[in-house]
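A single structure is presented below for examination.
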Amino acid sequence: MGLKRSEFLFFAWRNRKLRIGVSIVIFFVILAIVGPFLTKYPPNEYVEAAAFPPSKEHWFGTTIFGQDVFSQFVHGLKATFVVGLIGGTIGTFLGILIGFTAGYRGGMVDEVLNMVTNIVLIIPTLAVLIIIAAYLTVRGILTESVLIGLTAWPWAARAIRAQTFSLRVRDYVDLARMSGVGSMKIIFGEIAPNMMSYLLLVYILQFGGAVLNAAALDFIGLGPTNTISLGLMMNYALLWAALPLGIWWWFVPPGLAITAIVGALYVTNVGLDEVFNPKLREM
Amino acid sequence: MLQVENLTVYYKTLRGYVRALERATFTVADGEIMGLAGESGCGKTTLGHSIIYLRPPMNYIEGRVVLDGQELPIWDMERMREFRYRHVSLIPQYAMNALNPTRKIGKMIAELLESREMNYDEILPELKRRLDLVQLSHDVLKMYPIELSGGMKQRTVMVVSTLLNPSLLIADEITSALDVSTQKAVCEMLVEFRDRGFVKSTIIITHDISILYQIADSILVMYAGQLSEKAPTETIFRDARHPYTQMLIGSLPKVGVRYQEERLRGIPGSPPQLLDPPPGCRFRDRCPVAFDRCVEVPPFLEISPGHFVACWRAY
Amino acid sequence: MSRYLGRKLLIYLLTFFLAVTIDWLIPRLMPGDPINVMISRLGPRNPQEVQLLREYYLKIFALDVPMWQQYINFWKSVFRGDLGRSTLFFPRPVLDIIKASVPYDILLLLPAILLSWFAGNNFGALAARRRWLDNTVLPLGYILTATPYMWLALLLAWALGIVAGIFPIAGAYSFDLRPHLSWRFIQDLLLHWFLPFLSLFMVMFGGWAIGMRNMIIYELEADYSRYLEALGAPQGLIRRYAFRNALLPQITGLALQLGTIVAGAVATEVVFAYPGIGNLIVQAIQNQDYFLIQGCFLFIILGVLLANLLIDIAYVIVDPRTRLGMTGEAA
Amino acid sequence: MSRKLTFVILSALVVGSLLLTACQPQTVTVTVVQTVPVKETVPVVITPTPGPSPVVYPRNETLYTSGKQWGPPTSWNPLTGGDIAMGVVGLCHETLFIYDPLKNEFIPWLAESGKWVSDNVYEVKIRQGIQWQDGQPLTAKDVVFSFEVRKITGASFSYIWDWLEKVEAVDDYTVRFTFKDPRYQEWGYVLYSLAIVAQHVWEGVPEADVPTTPGVPPTCSGAYVYETHSEDRMVWKRNENWWGTKLLGLSVGPKYIVDIVNPSNNVALGLFLKGEMDLSNNFLPGIATLVEGGYGVKTWYDDPPYMLSANTAFLFMNTKKKPMDDPAFRKAMAYAINVDEIVTKVYGNIVQKANPTGLLPVWEQYVDQAVVDELGFSYNPDQAKRILDQAGYKDVDGDGFREAPDGSKIELKVIVPFGWTDWMESIKVIANGAQAVGINLQPDFPDFPSYWEMVPGGTFDMAINNFGSNLSSTPWTFYNWVFYHPIQDTMFSGNFGRYENEEVFGLVDQLDRVPVEDIEGMKAVMSQIQRIQLTEMPAIPLWYNGLWAQWNETYWTNWPSAAEGAPKYLPCTWNGYFNMTAILMLTELKPAQ
């Protein structure tokens, strides 16, 4: 696991999965940033006649109200990345905090944290999210992201706990401990560096999970009430009968983007895993 | 009788070939226990494995392996399958984890034997005898690997690996994970297996030369993918000709004391990397007695009966 | 083994306790007064009338005693199987409403989860063996597992329901039928069931296939596989072992996935207006029917706990390590 | 693990759960909430029509409708003030008269005739030969009971006893109503809205349970009998012994009426396009395209607005809050809203822009055009800005939004229930319009219960509502809703903005007391109301919601419509519309073959 940076970049570039995955994600990131400048229509403005199929003027057509789907799409993309970033970061952070503590301290602390993790793991996230989201009358992307992050940590905590556990008993950690190095120093000096690659993988999965969770929440109608998102687009499309009316350009792009982004993240994850783990490296 | 001729095996990596084993030529006689020694990464494991289990990223380049007069198709995973276990067998370095954790040991052996079209029930009496021999209860067969201690697992694997009386047994670092007393017992078992004729020839791969002193008939020393010296054990310890062997022996703290460090600190410098090794003798850079000639590759020559060495100084 | 299951049981009991407590808190923490909603629906015209109705409903919803008493009463009624009355479907008892939905969830989720698990695992194992499968079909697995449930549901509803017109896209059975035992009804039921099932199945299938493929590759690299190979065991045996051992984390994965699956089922049921708990809970939320939310939440938790327990038992059966008390990190 | 075995188990599970679902009994809750049975009582519930119920409803004898039920049907009790299932009043329970809004006339129904015998006494003759569905005769004592039972707190129409003095049966078929305060307009409304219930069924129910019992299946007198219901449907079956056939020579076409609970626009439209639904009273987006596009979709008119108008959507402004307490601000709001954009973009022209008075087209004759010409408003942002400027609303801090004349910030929200998509889109337009003239108004979508707590509770800023502006026999219902009074803690019945003006309240009360036939007298009062309304602008009329109705003729023909020769009845299954001639629509429907 102790790959040198140059070596890492070398293998990373050689890995096709990583190349494809990262390219797709970067493509959508750029689209989310540049997209709003490519369209002159605000996402919720009525700009044109209703339910126009894709055309030169409206790349992704218009909604049943005559809103520009492309504009909604790129704004929704932005929201998607925000949710992934914030939700993923919080989820990973909590996972690290709890997983590290449990795995490193062991004993009672571990027992208790492990039990808490297991309990939170069993209670279906969505059920909790639904309740919390219903409680909040005003909801924004930020609140949503935080909520998702707060409920997504258990599996990460468990995985990190197991990793820490195995690293903790390694010789060099023992050596450090015996020579009187402080806990924090051991965690961040000895254990964390050896887990960086693993944490990166966890983060990617948390990111993807947050995006999917947000889409589900938005779709059920518990998402942000004050902005557009990809999940909301699908929600509106369903509410406004895009299916029987055949307005496919309304609900295909948002789902496609989520699938592409999350799928690309997963592929990136596998690619990275191969880079970090020489056993899996393609020869 | 094992004859290895000119065996060359490379590792294929993204950056090119790693020349892990080059032009190995030696023989192991029937009944001989040959120790294979050298630093980590010198190619000794590559050599051991390529005789039984040559798989990517290992790449067969050239050479022949002949066992009891029959050439082993080591370059062909499928054809080689037939020879494994019956003729060549292995006690792996990872003996602790070599048993499927979710199968009872007896069942696993049965399935292994049946997959090789043999009858477990016929072999069972012999299996039990051998378990007795290594002082394992027959109950082991009804147990899962997790129920056994490390030493028990090691012995189980030894029994399993030698069950079909192979001509050649390759024992790869079998002692490294054991404590000193168990180490000794395991070594004695290897000798006993040979004495009882369970195996004909044995190759013991280890970085711990002191072990070999006790049980090996001969020792083959490797350095950086090439053979340095092979001789009867006594000769190696008393009259090593290759400077590397001499330094290896000299670096031993004391015979019989377990040596833990993987790299021999007594020898200054480090082995060349094998991706693109320098021409000539590969020990040249670290050799205290190197001279002009060493830019040529020294041949592995028999300088006295049974004593082979690859060093311009030694001829 | 008893220690392992004992620990698990303790966790489940704690979870159950916590869940019921959270559940009890729901209508008490949520904004808005469910009683007011009921009263406003009756449109009283003067304050006396409002007061009368308020007392009436407080009694009906068992909110007319002190908090601690309410909490104890709630536990009692949970064990009695009395989940109170719905405000949205007033005056129907919550349990009644849920009972009418549960069969549809069983019908939809059980086959979707189990079939996708079996098919996904087998396919993943196959992909690990065949390079071309690995390279061509596996990306499909990644796409499927990254697909939001409702998007696939929308696509299927649109393509097979609207454009091709093969499948109905709403409800559990046609409106011209009354539930009864006949081929016609079963056929109709299956026709309505198929698309929601398929959309759930496909997304989950992708996840299992990929998980299995990765696990198998790890297992094939494991020491015991290499040892067997060195002893000349045929690929068949090695793969059999690898498959079996790779299955273990997949069983644990099933337990971990249950929460996500519930979420997926909710979205899918919404798309197809399938009358399961998922649809119910969304309706309950949109109408702030806290008592119904309570009931649905409790049922989901119970379902997940039960499923976890079954998975644990299954795990004990297949993994000797847990049976021998060497728990390690199993589920 | 044996894969074969697992497969067997799996298949068994699938089949098992299938059977489970199939055998799920159609829960007809026959139990009644019987708390204290003091005396020997007749249960509310009678046994359903004997004989096996069909499991498949023959398509050509069944009418599929949708639009009334937004949740599962839960109550069949016409005495409750709450939500009752589709058809409970109209198909099942009947009224003394029905009212035809298109012709503005009352049609005697259970009553044979009715007339004011003096200023404060009204007398009704009941038809002879009407039977309840259980065979008992319907007589004057049932009618008397139906009014007396309304004295129970919580029962629907209990308010009539504020002005009704007594009801008595003169003989078996004559009922006399004596009023302490004759409200002619309101009485007309009661005559065709109040359901007559069977005394022998209801007199045994404990008083406290009367407003809350679900009362299923109900005993009634109407053309349809309760058949069954489930979460997603309500099924009625034709009453073959209906009195209407004998006495009026009428017979209803469909043997079964299956009313489908609206799952979503998506599903409703899907079913409708497939011909699985005959009459949809949903608001279906894109219906204009479908009508024009040859999908076989029919509506009342062939051209925009396609639908009749059913009620007026208002923007209520909370006059108890600043700055909505300022008529100038309210007036500016009226000028700032681009209703045309809502009509064309959000509704695709299936609704009409409201008259500045908000009066429905059927009440056109009551609009005082002179007042409207003088005081009426239309979309005009510049005018809105001028009014605001004059009233002192200026952007002091330069954030692009105006502050109140006292310098305080204005931050307002306009709300509609979440999921009410057309309204959600509409308030976005409204908010945009307000922002364009410098009013910081943001759209917000609370869930319905929150919305319905905020609006009657007076905690909102602005909200769209139309609940009480329905089509009726009298514009008094409309004004009573807009200017509902007195102002209370919770305003459930209108005037959500809590606009207080004794003068207009008095005028509304005065209108109620104008005899129904006195059109000129009504106009005189209403002209004064309209003057105040347009000057004070307590609430802004926006558009007329349509009487959403679209049907296809695959299985049923002879639908009512504006077309020549077509029946002229209201094609609507909403509450209250069966007694506004929709029941007569059913008598006109003919099977397609």
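A, B, C and D are the chain letters, set down in written order, and residue numbers restart from 1 in every chain.
Just so we're on the same page, a contact is a pair of C-beta atoms (placed from the backbone, for glycine too) under 8 Å apart; a residue touches a chain by one contact, two chains touch by 3 or more.
Quick caveat: nothing in here was measured; it's all calculated off a predicted structure.
> Quick one: most central chain, C-alpha centroids?
Answer by centroid distance: C.
> If we define chain centres by averaging CA atoms, which chain lands farthest from chain B? Would you check?
D
> Just curious, how far off is chain D from chain B if you go by their C-alpha centres, in Å?
Chain centroid spacing, chain B to chain D, equals 91 Å.
> Between chain A and chain C, what's the gap in Å when you average each chain's C-alpha atoms?
Result: the chain centres lie 22 Å from each other.
> Nearest whole angstrom, what separates the Cα centre of chain C from the Cα centre of chain D?
Centre-to-centre distance between chain C and chain D: 38 Å.
> For chain A and chain B, let me know how many angstrom lie between their CA-based centres, rounded off.
Those two chain centres are 49 Å apart.
> Mind pulling the chain B residues that touch 2 or more other chains?
Chain B, residues with two or more chain partners: not present.
> Residues of chain C that contact two or more other chains, please.
If we look for residues of chain C contacting two or more partner chains, we find 31, 161-162, 169, 244, 285-286, 288, 318.
> For chain D, which residues are shared contacts with two or more other chains?
Residue numbers touching two or more other chains: 264, 266, 270, 418-419, 447, 450.
> Quick check: in the complex, which residue numbers of chain C touch chain B?
These residues of chain C touch chain B: 222-224, 226-234, 236-237, 241, 244-245, 248, 318-321, 324, 326.
> Give the list of chain D residues in touch with chain A in this complex.
264-266, 268-270, 273, 284-286, 289, 341, 345-346, 348, 418-419, 421, 425, 428-429, 442, 444-447, 450
> Okay, in this complex, where on chain C does chain A touch?
Where chain C meets chain A, its residues are 11-12, 14-15, 18-19, 22, 26, 29-31, 139, 142-143, 145-152, 154-155, 157-158, 161-163, 169, 210, 214, 217, 221, 256, 258-260, 262-264, 266-267, 270-271, 281-282, 285-286, 288, 293, 297, 300-301, 304-305, 308, 329.
> If we count contacts the way the header does, which residues on chain C are in touch with chain D in the complex?
Per the stated touch rule, the residues are 31-34, 36-37, 40-50, 52-53, 56, 88-92, 96-97, 100-101, 103-104, 106-107, 110-111, 114-115, 118, 122, 161-162, 165, 169-172, 174-182, 184-186, 189-190, 244, 247, 273, 275, 283, 285-288, 318.
> What residues of chain A sit close enough to touch chain C in their complex?
Chain A residues touching chain C: 115, 118-119, 121-127, 130-131, 134-135, 137, 155, 158, 162, 208, 212-213, 215-216, 219-222, 231, 234, 237-238, 243-244, 246, 248, 251-252, 254-256, 258-267, 270, 279-280.
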